[in-house]
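Here chain A shows up in two complexes: once beside chain B, once beside chain C.
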Partner chain A sequence: MIDVAVVAYAARQQPVFDENEIEMMAPVIEDVRVATGLGPDDLDFTCSGSSDFLAGAAFSFVMTVDATRPVPPIVESHVEMDGAWALYEAWVKLQLGEAKTALIYGYGKSSPGSLRDVLATQLDPYAAGPLKADAFGIAGLQARYMLDAGDVTEARMAEIAARSMASAESNPLSIRKGTRRVEELLAEPYLHDPLRAHDVPARADGGAAVILATREVAERVCERPAWVRGIDHRMDIHHLGARDPRRAPSAAIAAQALAVTADKIDVAELDAPFTHQEALLATELGLDSEATTINPSGGSLCGHVMMGAGLTRIGEAAARIHRGEADRAVAHATSGPWLQQNLVAVMEG
Partner chain B sequence: MAKERCAVIGVGQTKYQSTRGDVSIAGLVREAALRALADAALEWDDIDAIVIGKAPDFFEGVMMPEIVLGEALGGVGKPVLRVHTAGSVGGSTAIVASTLVESGIHARVLALGFEKQSESNAMWALSLPQAFQTSINAGAGGYFAPIIRRYMAMSAAPELVGCLVAFKDRQHALANPYAHLHQPDLTFDQVVESPMLWDPIRYSETCPSSDGACAVVLASEAAAAVAPNPVAWIDATAMRSEANNFGGRNMVNPAASSMCVADLYAKAGITEPRREIDVVEMYVPFSWYEPMWLESLGFAEKGEGWRLVEDGTTRLGGALPVNTSGGVLSSNPIGASGMVRFAEAALQVRGMAGEHQVDGATRALGHAYGGGAQYFAMWIVSAAA
Partner chain C sequence: MTDDPLAPVAPPVQLPPRLQGVEAVQSVRTPFRLEYHASSGQHMAAFLRAMKQKQILGERCPTTGQVFVPPRGVTPTSGLETTELVELPDTGYVESFCITRVPIPGRDDLELPYVSAWVVLDGASVGFIGLVAGIPADEVRLGLRVKAVWRPDEELRETADNIHHWAPTGEADVRIASYELIGAPGRPPAERQVRA
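Entry: the complex of A and B
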């Protein structure tokens, strides 16, 4: 295995960007280049993650690639997935030994539509799709299963929300933040029974960019690189009727493959858009809530960029290592209803 | 760590046609995957990871359909990646899959490209109004027609070269059971007389809209050693992308293409492509792109590519057969079309191309492009390890 590290991370997110995707992403890409001193000519590979369904345009990433200033042309690829999987593709590319550096970005501008309804088009188009069950409704069903089984309580969900919002205070990108008491949150009405407003993600436009580098470059451009010790990603079955909504076996397989629990984890950034999903993921990954700080950034709950949230988690976890606030961190990304597809990365200082 | 060698040990395709109303999207991709597995004598459990490629999700109306399709491809509990690099995606998907093997991470990877255009409407999907942009509402043909006219002016190529390409590829398609268009009675005159759609592109010089899927099984050296059928070794791969809004672009011979070709040949140790490559499967959705890519790929001098069409060099039986499968002009399941080129190149060097086999082919080029000729993916495969 070739040593590869996250050497820079930058992100933008706000409820609405009155800019196109190129304008929205160019400053983020510029930020990671400035942070490392690596210009377009120094970056051997570029990979991005986005969705045509958010842009409302076929081949939308073909436009956004201009944000990298690809003149002359670049070695580049794109996944129609969260940017975390673009980072995986880039990490594999660096493992070939043919590239030393990679720029990765993931972004989504979901404000022009209703994201929760757009996500209904992810369902299988023959059986579930025509029901037009929206993302909050489907997540609510999962929460209901977990509540009925005693996996979580509404109070526990509110605790997760309160802790996340408190953590989000120190994150300038946060969309939702503040000091809220659990009793106060529980007094709020249901948005989608059993979900209250604090249980669902704070949707945002924006994106994240990360630079990966092999040892030779990493040690030159970054004081404390976040070494990627491993990345694994797995998929579960799609069909809701064939799933156990209380489980995400793919997350557990990925965590086990990486021996996540073999050593102390200082920080875990989990891509849990809904409060109950953080509880579910902590169990699947085998996290010890006493030893590990979960979502110190406020997590996807307090600022959720569709197609960028997972890469943001990787960037936030890496940034803690960069700043010397953590020695070993776990980052997670998810895709699909009920946490269907999961990616786990382990990084060390 | 030395790079692992990677081989194509299985290829599977569906019959390309306008509408595969008899199968779901999952059924379509599964059909191609099962054929690729059968070719490689493998079961679902033997596959370590899956890479799915397709063009815009609007073509079926399912957002990120890999989430739905993973199960049909045996992907539950496995890594599943979804690539989208515009029209070049089929090629890029195979290349991303090859890196999973070459890096030593996986031993056997299934790469699959598909499109089920009949589920939606491609012309609509490509014409959605865009914020901050003027819509030309002209489809792909309207975009490429001025570029082709520019090539015709620069090369002073005879006006009917495009018709020659279209007629040749439709004849080639007759020898490929999977090809969408089988037109045994088509004459050259009918091609010439077909309606002008986007001057200078006639109806018969365009690709059809197809439903279809194509899969390849890629394997490490150890896994390839036990494959029952001949394998195709991947000598080199290359990808390049260029800007969308850049006034300095050479649209006829894009810089991304030239750079991709140079990178590819350097990696494969090719210095004389005409002599060293036996057969080419290139992405030609509009007839004139054959002479244009012949030049960009170094098979002809600038402005001379059309001569290889006119003198029959690129026909099956010629010195440099191009698209003996019938090419994109005879079948266009968009998200799979690039992979079909890569897979057909592999079939040629495996000696398994059937009626459209080029005798003694040992080295082949697979080529795909996408966007406004901005995205390029290519590979060289050979029979020798």
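Entry: the complex of A and C
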């Protein structure tokens, strides 16, 4: 395997950006270029992740390419997925020896529409689609299954929310933060029974950018590169009725393939938009909550950029390694209802 | 166990009695309606506001001097933010076109076939999409000089649709010598407009 590292990460997120996607992302892309000193001509490959359903415009991602300086022509690709999957494509490109550096960005400006309703379009069009179940309702069903089975309790979900909001205090990008007691959170009314406001993601507009580089470049442009030791992604069946909502086998298989639990994990950044999903993922990945700090950034719960949240998790985990705060980190990205698709990456300093 | 690799892995579904013998579902329609309140962004907003005044705004690249229209906020050839807005004339030439024989919804005023074209405004470095009318479709050609035909003043809004179509000016055609990539060195915007 060719040694590949995350050498830079930058992100922006706020409840609403009045700017268009190009204006929103140009500064983020500029930040990772400045951090590494790698200009457009030094980046062999560019890959982005976004969804036209958020902008409500076909091929909207093509416009955003203007933020990368695409002329003279660059080698560029796009996935209709979270930017974490764009990073996977770039990682494969680097493994194949076709590039030594790659710029990856993932972004979403979901404020123009109703994200909860837009997400209903990803349901299968035969059984679940006609129900038009919104994203909170579907997540609520999953939480209900888990509560009824004793996998989590509402108190445990509130603990996850309280810990995430406390961690988010130190993250300037977080949308939701603060010191809240569990009892106080549990006294709040249901938003979507059994979910309360603190159980659902704090939606944001924004995006993240990452630069990947092979060893010869990485060691030159980054003091402490976050070496990607492995990256794996899997997906579970599309039909909700054919899945066990209490499990995410795709996440477990990806984690096993990477031997996530073979050594101590200092930090895990899990793309868990809902509190009960963090509990589910920690189990599937085999994380030891005593040894591992989960979501020190506050996680997707405290700032959720659709199509950018997974790449943000990778970036946040890598940044801990860059700063010497972690030696081994796990990052996770998800897509689809009930954690249908899962990507896991292991990085080391 | 069967040797047939295409044999179903799950046992056949047994329908409950009340569903047996009913007509099978042949298709499902799942219509969706989603509403968006899009913001055009700072640079595009300036362009759209100017459109209401029958002005066409572009922006100039700070390094190459190329002029892009409509403005996007960054230049594709430098990746730099653009700060200088440029007002462009409503005249130019056809760089590329397409003849279409099916109608556009909401444009009953268009006679078929209609011609959509990539119009390079005088002073611009890239084309600007529009419709060419006032000339038989089979007479539209590369290099044809055109001028904007605006909608009546009382119909002007913050939209590029204010340009109803582009009509021939009767001037001599622009000779398009060759196709060159935008950003090719040593090619300021005006050079592409070589009069025949």
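Brief remarks follow.
In this text, the second predicted complex is superposed on the first by the 349 of 349 C-alpha atoms of A that agree within 3 Å, B and C clash if a C-alpha of one lies under 4 Å from a C-alpha of the other, contacts with A are read in each partner's own complex, and residues count from 1 in each chain.
Just so it is clear, a contact is a pair of C-beta atoms (placed from the backbone, for glycine too) under 8 Å apart; a residue touches a chain by one contact, two chains touch by 3 or more.
Note that this is a predicted model, so its numbers are computed, not measured.
Under the clash rule set out above, the superposition-derived model of chain A with chain B and chain C contains a clash between the two partners. In the superposed pair of complexes, A:Ser114 makes contact with chain C only, with no contact to chain B. Of the two partner chains placed around the shared chain by superposition, neither chain B nor chain C is touched by A:Gly230. When the two complexes are superposed, the chain touching more residues of chain A, out of chain B and chain C, is B. Once the two complexes are laid over each other on the shared chain, residue contacts for A:Gly137 go to neither chain B nor chain C.
With both structures placed on the common chain, the touch criterion links A:Gly129 to chain B and to chain C.
Residue contacts after overlaying the shared chain place A:Val75 against chain B, while chain C stays out of touching range. After overlaying the two complexes on the shared chain, residue contacts for A:Gln341 are found with chain B alone; chain C is out of touch. Touch criterion met: A:Ala67 reaches chain C, while chain B stays clear of it.
Applying the stated contact rule after C-alpha superposition, one finds that A:Met1 touches chain B and leaves chain C untouched. Once chain A of one complex is fitted onto chain A of the other, the partner contacts of A:Asn20 extend to both chain B and chain C. Residue overlap on chain A between the chain B contacts of one complex and the chain C contacts of the other covers 20, 53, 56-57, 63, 66, 69-73, 112, 118, 121, 125-126, 129.
Here chain A touches chain C in the complex through residues 18-23, 26, 29-30, 40, 53, 55-57, 63, 66-73, 112-114, 117-118, 120-121, 125-126, 129-130, 132, going by the rule given at the top. Those residues of chain B whose C-beta lies close enough to touch chain A in the complex are 1, 3, 24-26, 55-68, 70-71, 75-86, 92, 96, 99-100, 102-105, 119, 125-126, 128, 130-132, 238-246, 248, 254-256, 259-260, 370-372, 374-375.
Of all residues in chain A, those touching chain B in their complex are 1-2, 20, 46, 51-53, 56-59, 61-63, 65-66, 69-81, 85, 88-89, 92-93, 95-98, 112, 118-119, 121-126, 129, 232-239, 249-250, 253, 335-336, 340-341.
Those residues of chain C that touch chain A in the complex are listed here as 28, 30, 32, 34-44, 72-79, 81, 181-183.
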